[in-house]
Amino acid sequence: MKKASVQVSAALLLGFALIGGACGGRDDSSSGDSTTTTAGDSTETAFIDPAADCTDYKGTQGVTGDTIKIGTVRPESGSYAIYDNVTKGLEAYFKSANAAGGLPAADGKKYQVELIKKNDEYDPAKTPALVKQLVEQDGVFALVGNIGTETNKSVRDYLNENCVPNIALATGSTQWGDANAYPWYISGLPSYATEANAWVSYLEEVNPTAKIALLYQDDDFGQSYKAAIEKAIEGTKITLVAEEGFNPLAGSTTEASVTKLSQSGADTFIVGVGGTACPLTLSFVPATWTPMTMISVTCGSKTALSLAGGKDQGVYMAQPTLDPADPADQSNPKVVEFATQGAAAGLDESAIQGGIASVGWGFGSMFAVGLKNATTVDRAAVMNALYSLKDSTFGLIRDEVTVNTDGAKDPWAIEGFRIVQRENGAWVEKAPVTNEEGKSNSFAGK
Amino acid sequence: MRDFLQILLVGIGDGAVYAMLGLGLVVIYRSTGLLNFAQGEMAMFSTFIVWTMWSLGLPMWLAILGGMAGGFCVGALVHQVAVRPVGDPHEKPLAVVIVTIGLFLGLNGAAQLIWGTLDRSMPPLFGRGQVTVFGVAVAWQKIGAVIALGVMVLLFYLLFQHTKLGLAMRAVASNSESASLVGIPVPRLLMLGWGLAAAVGTVAGVFIAPNLGLGTNLMQLTLIFGFAAITLGGFDSLVGAVVGGFVVGALSSVMPRYITIFEKMPLAPAFILILAVLLFRPEGLFGKKQVSRV
Amino acid sequence: MSGAVSAEQSAQRGPREWALKVGPWILLFVILAVLPFQFPSFRVEQFCFWMTLAIAACGLNLLTGYNGQISVGHGALFGIGAYTTGILITEFGVPLFGATVAAAVVCFFVGILVGLPALRIKGLYLALVTLAVATLFPLLLEQFSAITGGSGGLQITSPQMYRGEMRERPIRLESPIAGLANDQWKYFLFLAITVVIFVLSRNLIKSRVGRSLVAVRDNEIAAESSGIPVSKVKILTFGLSAAIAGIGGSLFALDQGQLYPSSFTIVLSIYILVAVVVGGASSIIGPAIGAVFYGLFSDVIIQQMPDRIQPARAVILGVLLILLMLLAPGGVVGGVRSLQANFASRKGGSPGSDPDLIM
């Protein structure tokens, strides 16, 4: 009986394929056809050459007339929905650009941006289907401001094989430094390793024999910090005296870990944890332990720190961007522009001050820079432009931070931080910006 | 040693919360004989009610009372429209499991629709302060949880042992048929039981939310700890829920610390406990032995 | 469709009746055959996912629907099948479908292991234990991240030629037929496997073994006294059910090419159970209907709605489950059956519950 049904199914399988084949096919059959285009620019030094790297290259997909279709994937629901504010900022940027006539490009036209958003709940298992839908059904030109390390990793092979740009990833994982293998990806944040290095450099200055207690999120994000710290303290007198991993999925809090670290004799506490767990960690620190505390930049927004129950007073952070909630930054033209135009595009006061939407605003601005610098409106040309930035800037990056890229040699746009300390609800500069141009990949530990 | 005590005390504080959730589960088990897989979501829902009232400016204690009242209504309503019509859980276990899972999904989705999906922050009832006893730091919040549990147990004791209503509820629990023959309004009492269980869950939620952040997945893991507590204590024993809660809290705090294989799974000791107790002593520590049904 | 068929059935048996009986099937096959040519590749891959869900639900149905043992933890078995497949392919270079067979075997034995305590733990309590398993499983994956990749995911790769050199690349099912894209080939392959599994399950249920499964569900003591080895039947059913769920998980791994713990939470277990219940427990085709319903609902219909009201998905599913239990515990198939029976008895014919119609 078994044999019979196997045979039946084999026959069915063949039958299906025949019937189906006869009933008509898809329009986008993959047998290379004439729709294949080549990138307009012929600079010999271009980082990406689609003619060599892409089969079935669709360089201008998503560009029709004077509109350009952009996709983005972010958590609109689920426990990371706080990052949806990034997308609100991104959307506000495009809205405001559209209202001003559109994004300028090399061909002299101004392009209206149509942003298509998908909700993957920060779940890498859900991302691929949504990204494929954006590319295959909605036909977007590029993805901008996709949120999450694992989510972006889950579509890395797909997007690079299909030569679809993924611009301004909302993650600083050290993996995005591998531009040789994955040239269609470029991060919109500094590398987490560069940030960790900035902490250690500052420690060397103010406390060369620091004893660090490290709490890190036990995933790619937190492990990036851990590895980079271990690498940076090599050859210094700074020691890592205690460390605790924290798994945000295990349903427990950091309370027990913080208690343990507080008894380790450390004089420095580094909090390599994101999400709401970070401010809550600060609130668990016992009154008897007063270390110098460094927090992750992902935790430095007003929105996040409002959850710390007042224990954010005195903490340090490495900061690459302007803070719209900081009175000292509020007269900066970049902040003024964000505040006025963002408000006009529908961001409310708490979103503008919150410090998360402004990040998304920067991602939109990064895409605009790519489009403006590109020799033609073409996927490869935009990526090449972003991989050859010279003294550029975008979004709310601090004016002292230099923005340069050079293909795989220097794939990180943002590599400078200043050190700030929290005093009475605002950040106060403790050390000026140090730029580490082209060095980000070397900070990554193993 | 100090380290051990420290970890143990954190666990005992957590255990008080598991015990609260367990009390609710026991009340439901005793009145309607089912394991309520939606108990955690009911607690989450009413904790959101507390949060709403508090963020509208009510004092915390009033918000909690309001949340308990809201939870009571949700519990009673759920029993009337969904649980009662399905029938006896031991006759039709699949149908009952499906209904409680339906409630689980429904309440979770409803909370997302109403309150959105952002984690809300709730202030700890007893503040963030700590006292240090013999070199071990204990958070006031943990002490508060144990006190709240004590008050709750006392109230339950008074209700069941010293009021007519409690007597009637016990009669329904031990034999609903003869209870209804002597004129006790059984359905109304069952509804009351569900309402009470949900109200108790509210307090558990209020203690958990400040630490985990109040989101719609607040209770999904905590619920399993609550079940472990009542499995150990005995499904029908209130005392058992309390003892079980403390044991489970202590185990799941201490074991992941000292046994590497549990490092990332504080839930594993609770699971092993559930399995072992059901296999070797299904009535738990304090439960009544069940005569196997045919 | 079937009401008319069954009414006719008692009246005449002839070519017309045969055509009516076979017609719907032919129509179904034609639709299934045309589908992958009408949709873009991501959609076809979603269809493949629905099939893996249907397979897992078919396995759960044998256990819960026919044998009466409740499991809220089949998502974990699905996950074990998926991770076994991924690890065997990536670490040990096992060929793709060889890994599927291995996954089925591994899950069979895991199922037996889970089935042993289930001899003593029954009904609601078994549901509790399996619920705990389902909740624990993603944490297990984290704990053993050295082999599973933890929350960083498991990329299923094999050595392939890429840009002129051998590299570890994501696995892919290459279509051997010109004109048939890879995803379309995958679709037909999965469809064939799904059909085989459903046909074999149907044959099993109609056999003597199947009758003893049902006898154990209906009354253990009566079954015992009529000579059915109750314990053996229950344990083997658990094993078989787990093996089928494992095959579903294995195909899921081949479909996705990468695995994350977040795919295997309690939610997956619930959805497999939803597929069984919506389609109709104790009907063979029920789980497939349930899986397609769930897929359509959650991957197509809900995606059309504004993001803000997407959580309504859970509310709708929850309410639907409760209503089903109150109004039509037999699910879609049960509903059709009772309509059929009503129709037939009104016409004065015999109640038309020929299982062949349902498959």
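Each chain gets a letter, A, B and C, in the order it is written, and its residues are counted from 1.
Just so we're on the same page, a contact is a pair of C-beta atoms (placed from the backbone, for glycine too) under 8 Å apart; a residue touches a chain by one contact, two chains touch by 3 or more.
Values in this document were obtained by computation on a predicted structure and should not be read as measured data.
Of all chains in the assembly, those touching chain B and also chain C are A.
The chain with its Cα centre farthest from the Cα centre of chain B is A. Of the two chain pairs considered here, A-B and A-C, the higher C-beta contact count falls to A-C. The geometric centre of chain B is 33 Å away from that of chain C, both derived from CA atoms. Centre to centre, using the average C-alpha position, chain A and chain B are separated by 40 Å. Between the Cα centres of chain A and chain C there is a gap of 37 Å.
Multi-chain contact residues of chain B (touching two or more other chains) are listed as 112, 117, 220-221, 264-265, 267.
Residue positions 139, 142, 311 of chain C are each in touch with at least two other chains. In chain A, the residues that reach two or more other chains under the touch definition are 76-77, 218, 247, 250. The residues of chain B lying in touch with chain C in their complex are 34-35, 37, 82, 85-86, 89-90, 93-99, 101-110, 112-113, 117, 220-221, 224, 227-228, 231, 261-265, 267-268, 270-271, 274-275, 278-279, 282, 294. Residues 29-30, 32-38, 40-43, 45-46, 138-139, 142, 150-153, 169-170, 177, 179-181, 184, 188-189, 191-193, 195-196, 199-200, 203, 256, 258-263, 299, 307, 310-311 of chain C are the ones that touch chain A when the two sit in their complex.
Those residues of chain A that touch chain C in the complex are listed here as 1-2, 5-6, 8-10, 12-13, 15-17, 19-21, 23-26, 28-30, 76-77, 117, 119, 123-125, 128-129, 132-133, 136-137, 150, 153-154, 157, 218-220, 247, 249-250. Residue ranges of chain A in contact with chain B, taken from their complex: 76-79, 81-82, 218, 245, 247, 250-253, 255-256, 259-260, 262-263, 276-277, 280, 283-284, 286-288, 306-307, 309, 311. Of all the residues in chain B, the ones that touch chain A in their complex are 2-3, 6-7, 10, 112, 116-119, 121, 123, 128-130, 132, 137, 139, 211-213, 215, 217, 220-222, 253, 257, 264-267.
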